[in-house]
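Have a look at this one before I ask anything.
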Amino acid sequence: MNNNFNISSALNALKQVKFDLFQRDFLLTWEKEYEDIWSVLKVAEILKHLYETNNTLEVFRRGLGISWFRDNSTRTRIAFSSACNFLGLSHQEMDEQKLQIYHGETIRETVNMISFMAQVIGIRDDMYMGKGNKFMKEVAESLDEGFKEGVISQRPAVINLQCDLDHPTQTMSDLLHIKNYFGHLEKLKGKKIVMSWAYSSRYGKPLSVPQGIITLMSRFGMDVVLCCPEGYKPHQDILDKAEKFSNISGGNFQITDNMKKAFKDADVVYPKSWAPYQIMTKRTELINRGQEKGLEKLEKECIEQNSNFKDWVCDENLMSLTKDGKALYMHCLPADIQGLNCKEGEVTKKVFEQYRLDTYKEAGYKPFIIAAMIMLCSLQDAISIIEKNLKEF
Amino acid sequence: MNNNFNISSALNALKQVKFDLFQRDFLLTWEKEYEDIWSVLKVAEILKHLYETNNTLEVFRRGLGISWFRDNSTRTRIAFSSACNFLGLSHQEMDEQKLQIYHGETIRETVNMISFMAQVIGIRDDMYMGKGNKFMKEVAESLDEGFKEGVISQRPAVINLQCDLDHPTQTMSDLLHIKNYFGHLEKLKGKKIVMSWAYSSRYGKPLSVPQGIITLMSRFGMDVVLCCPEGYKPHQDILDKAEKFSNISGGNFQITDNMKKAFKDADVVYPKSWAPYQIMTKRTELINRGQEKGLEKLEKECIEQNSNFKDWVCDENLMSLTKDGKALYMHCLPADIQGLNCKEGEVTKKVFEQYRLDTYKEAGYKPFIIAAMIMLCSLQDAISIIEKNLKEF
Amino acid sequence: MNNNFNISSALNALKQVKFDLFQRDFLLTWEKEYEDIWSVLKVAEILKHLYETNNTLEVFRRGLGISWFRDNSTRTRIAFSSACNFLGLSHQEMDEQKLQIYHGETIRETVNMISFMAQVIGIRDDMYMGKGNKFMKEVAESLDEGFKEGVISQRPAVINLQCDLDHPTQTMSDLLHIKNYFGHLEKLKGKKIVMSWAYSSRYGKPLSVPQGIITLMSRFGMDVVLCCPEGYKPHQDILDKAEKFSNISGGNFQITDNMKKAFKDADVVYPKSWAPYQIMTKRTELINRGQEKGLEKLEKECIEQNSNFKDWVCDENLMSLTKDGKALYMHCLPADIQGLNCKEGEVTKKVFEQYRLDTYKEAGYKPFIIAAMIMLCSLQDAISIIEKNLKEF
């Protein structure tokens, strides 16, 4: 808990800032203005403070928060459920396993059918390159049409709970964690954060976190280093965005394939495995063509390719190279912890144990980031609702 | 949204009408008096108006709304969940897949076990002819006994979310849709509605919608035409009911196997596939006897039989025959849309697209029909609760 | 409903008693002091009375109640959901089928990840001897660490919804049922209760109920008789506890393998099947070693062993031996009812039918026992919250 948090000054600061989130969705941080991101972070901190000081917000008195997980999830599902509950919404899960495959008419129709009383639809669709964000946009367009044409009388906000491209509720939780670690967003300027690939024997881990981290942290003046073996770089578009944001924020963005060089004097390290962009794209193509044998071959290739980089492990030696030997270690969890849940993995047991509780706290921002997105995207007067509640305490 | 809706006059009208729904279930519309149906429609309209004008009702402060889907469903499940949420109930799903098969003692016991704090149990059981309604009645009888004997301290209402015989929440939503299309229930008198069979390559679609439509619309003085190939007629009992209701309401009920004749000058058309009654009955018998081979054969026969009627498609030519060439097209969704989600199906893409948003709006009444049923069946003073809320706004 | 229940005197009595449940879990009744158990029973009765007299409690205004069923359950899941709803918590299910196997780090991590806004975690884990209670303790320890280290800002209570050792929400419901049958806890003194093994053709029924019954009823001065065939006795530790509690309470604890002798003059009989402790322990070992063939063999052996005791059926002859021929028959449900849902089972159809509604009422205490545990374990001022609500009526 942040005991020094001043809720009045946070609310005043918010009132000075022009953000444009009402009746919009939250899909990709790089589509949002700095002010939008800043406001979500600020509202999330206010909500977390209110929760931790045992204050209840009266936000919604009815309405559904629908979660649509196209891939299994426990943590994010319950974070979403927690956010809905905190704001007064009832959580209702779509159960993909009971549904037909969605495309075209089916999406338009289903989305309208479930939205008659929905305030928010949170979606996870992170399995296939080129699909998740596209799906979310189709949902959003269906809602736009339904709302415009009078089918639904309120427009639920669509919130990205992880797609093929970005994972905004994760990366913004990560950002709040870093912010509170250093004390202030301003203090992130010039701090070196390393988003590093790390070894895993598992196949097909999404690129959403590394892509989300380099494009988000670069907006806050950080010295962002992407470190990965040749062949594991995200799409050039994403790299260009990180570069552009760094230029605007006065930060720096660099790419290296040398983990030691990357860790040198780092303030924050985020070592995590992900699948090569090319493989993930090829995978989608094979799936689209229904080529199962090709998929098996691809999986084998990918795991073999990974195994060339088994030494990409965040261990004590690497950590000792960081600023004063004590950079903040981050992970979106669950991690492949060498000697604990795998033989060879992203991080050694010793390093992980040292930062384990920190990674739990890192995750603890997520329900509040989600709640802030819901409030700002579906309420015109989110700030005054908070103020009104405070007066009533 | 219906901007001309006058809530005071709706409430006054309700107070003039004697309905008898409290501590009853809503299983089949033909078991209900006209006044019961009328009252559910009226309360549903009031609730929809309140929702759309951002008013919140305080109805229940606690209690569960239990949904029991013995067949998969997304739309009705979320409509039920929405209705519960709107009234202040928590939605809890029974998960049939995790349950044993229910019969005899098991039903009595399970029903009591889940009802200690339940206000409503919504059930879908539409797969097997002769089973769904029977199951719901067993649930209702178990609740009667449990309530009478002091096992449960409130009697949850049982609401039919689709059975083998009827689909009241769907057909009453359809009715509200038609009513608002023509402006007033009185204006339905003499309007021609065609409940027509249409081609589908799929097996075993329930008869609940056609049976429900012809028995409900005939109570409102409509000129009801049932149109289907020989062999696809519902059970004679149902036809007799439609006939009887037509006589009482001053309407008309006819059966034809000629789609062109049926569509001629129609005001409303509802083209939809269903399985022959005989086949659905035979299917239940085979299932009861555990004859899997017989079931496969039956499915093949049914699909072959359907394929004799591939020209039973709602297309532009047929629509041009209707009143001024612009009858209201209706469907309970999802539809088999020729050229969109199937090669040959119930309706052409062009016709469907023209009425697509209308079918979405048609579905939009369902959460409010369900909510009205819950209120009227489980509260003695439903009308005064609404009035009390209005005064507090 | 108990019309003579005096809520004021119940609250006054509670204020005289020192119980120690706040920020504790409720895992095994034998770990609790008599005052703790007494207080849960008293609060459960108050809550049941309030519910039945249509009073609503304002307890929690937000927060999740998480149910974690590692084995399928409908009844207890909905009892838990009902309790959460009654207190103002939202029920969120963990879905074990969608989760990886939990051990070590995974438990610690997952438990923290789901608990950011949880007030209670209800767990059922009753399948494997030596595992369920251990799992619950690991969950509790993870919560302790998370709370202590500031990961979570409230410590959710862990409630045992059945483990390998005990089934406190069941046995305490049973106790309230007996208490209300005889009129007062004091009147249980000297009453003879027979916890008897009975025949079932099914494999692997947990020992939690018999173990829970003999250790709980012995605390209230009852004349507790455990009756089972040689080889079906619970672990000696449990028998010792029952013996010890009987000595303290002035009751009596005896073991017999003669059902007739046991039923003689009994006031209460609880005939129910369970698997031999040795077999359940061996089963866990075989599972741990992944020996599927051994497991099949064991199942066969167990069912064969059971079949030596097919005459262990609660029938009219046995019942006629009890006090005035009308002992209270109890069962945790569902029962194996001979001639109804099985050919040979725990109880005859005739005996069961006579007590059927009683067994339903027995189960009806469970939502309130759970609610009382939630209140007392997660609120410091549970009693004054109830009092405050009463004043506001």
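The first chain written gets the first letter, and so on, giving A, B and C; residue counts start at 1 in each chain.
In the analysis below, contacts are C-beta pairs under 8 Å (C-beta built on N, C-alpha and C of every residue); 3 or more make two chains touch, one makes a residue touch a chain.
Bear in mind the structure is a predicted one, so any value in this text is a computation, not a measurement.
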| item | value |
| --- | --- |
| Subunit C against subunit A, contact positions shared by both copies (same if over half, else different) | different |
| Angle (degrees, nearest 5) of the CA superposition of subunit A onto subunit B | 120 |
| Averaged-CA centre spacing for the pair subunit C and subunit A, given as whole angstrom | 42 |
| Residue numbers of subunit A (touch at least two other chains) | 90 |
| Touching residues (chain side subunit A, partner subunit C) in the complex | 1, 51-52, 56, 72-75, 78-79, 81-82, 84-86, 88, 90-91, 333-334, 337, 340-341, 356-357, 360-361, 363-364, 366-367 |
| Of subunit B, residues touching subunit C in the complex | 61-64, 66, 90, 92, 94-95, 98-99, 104-106, 108-110, 112-114, 116-118, 145-146, 149-153 |
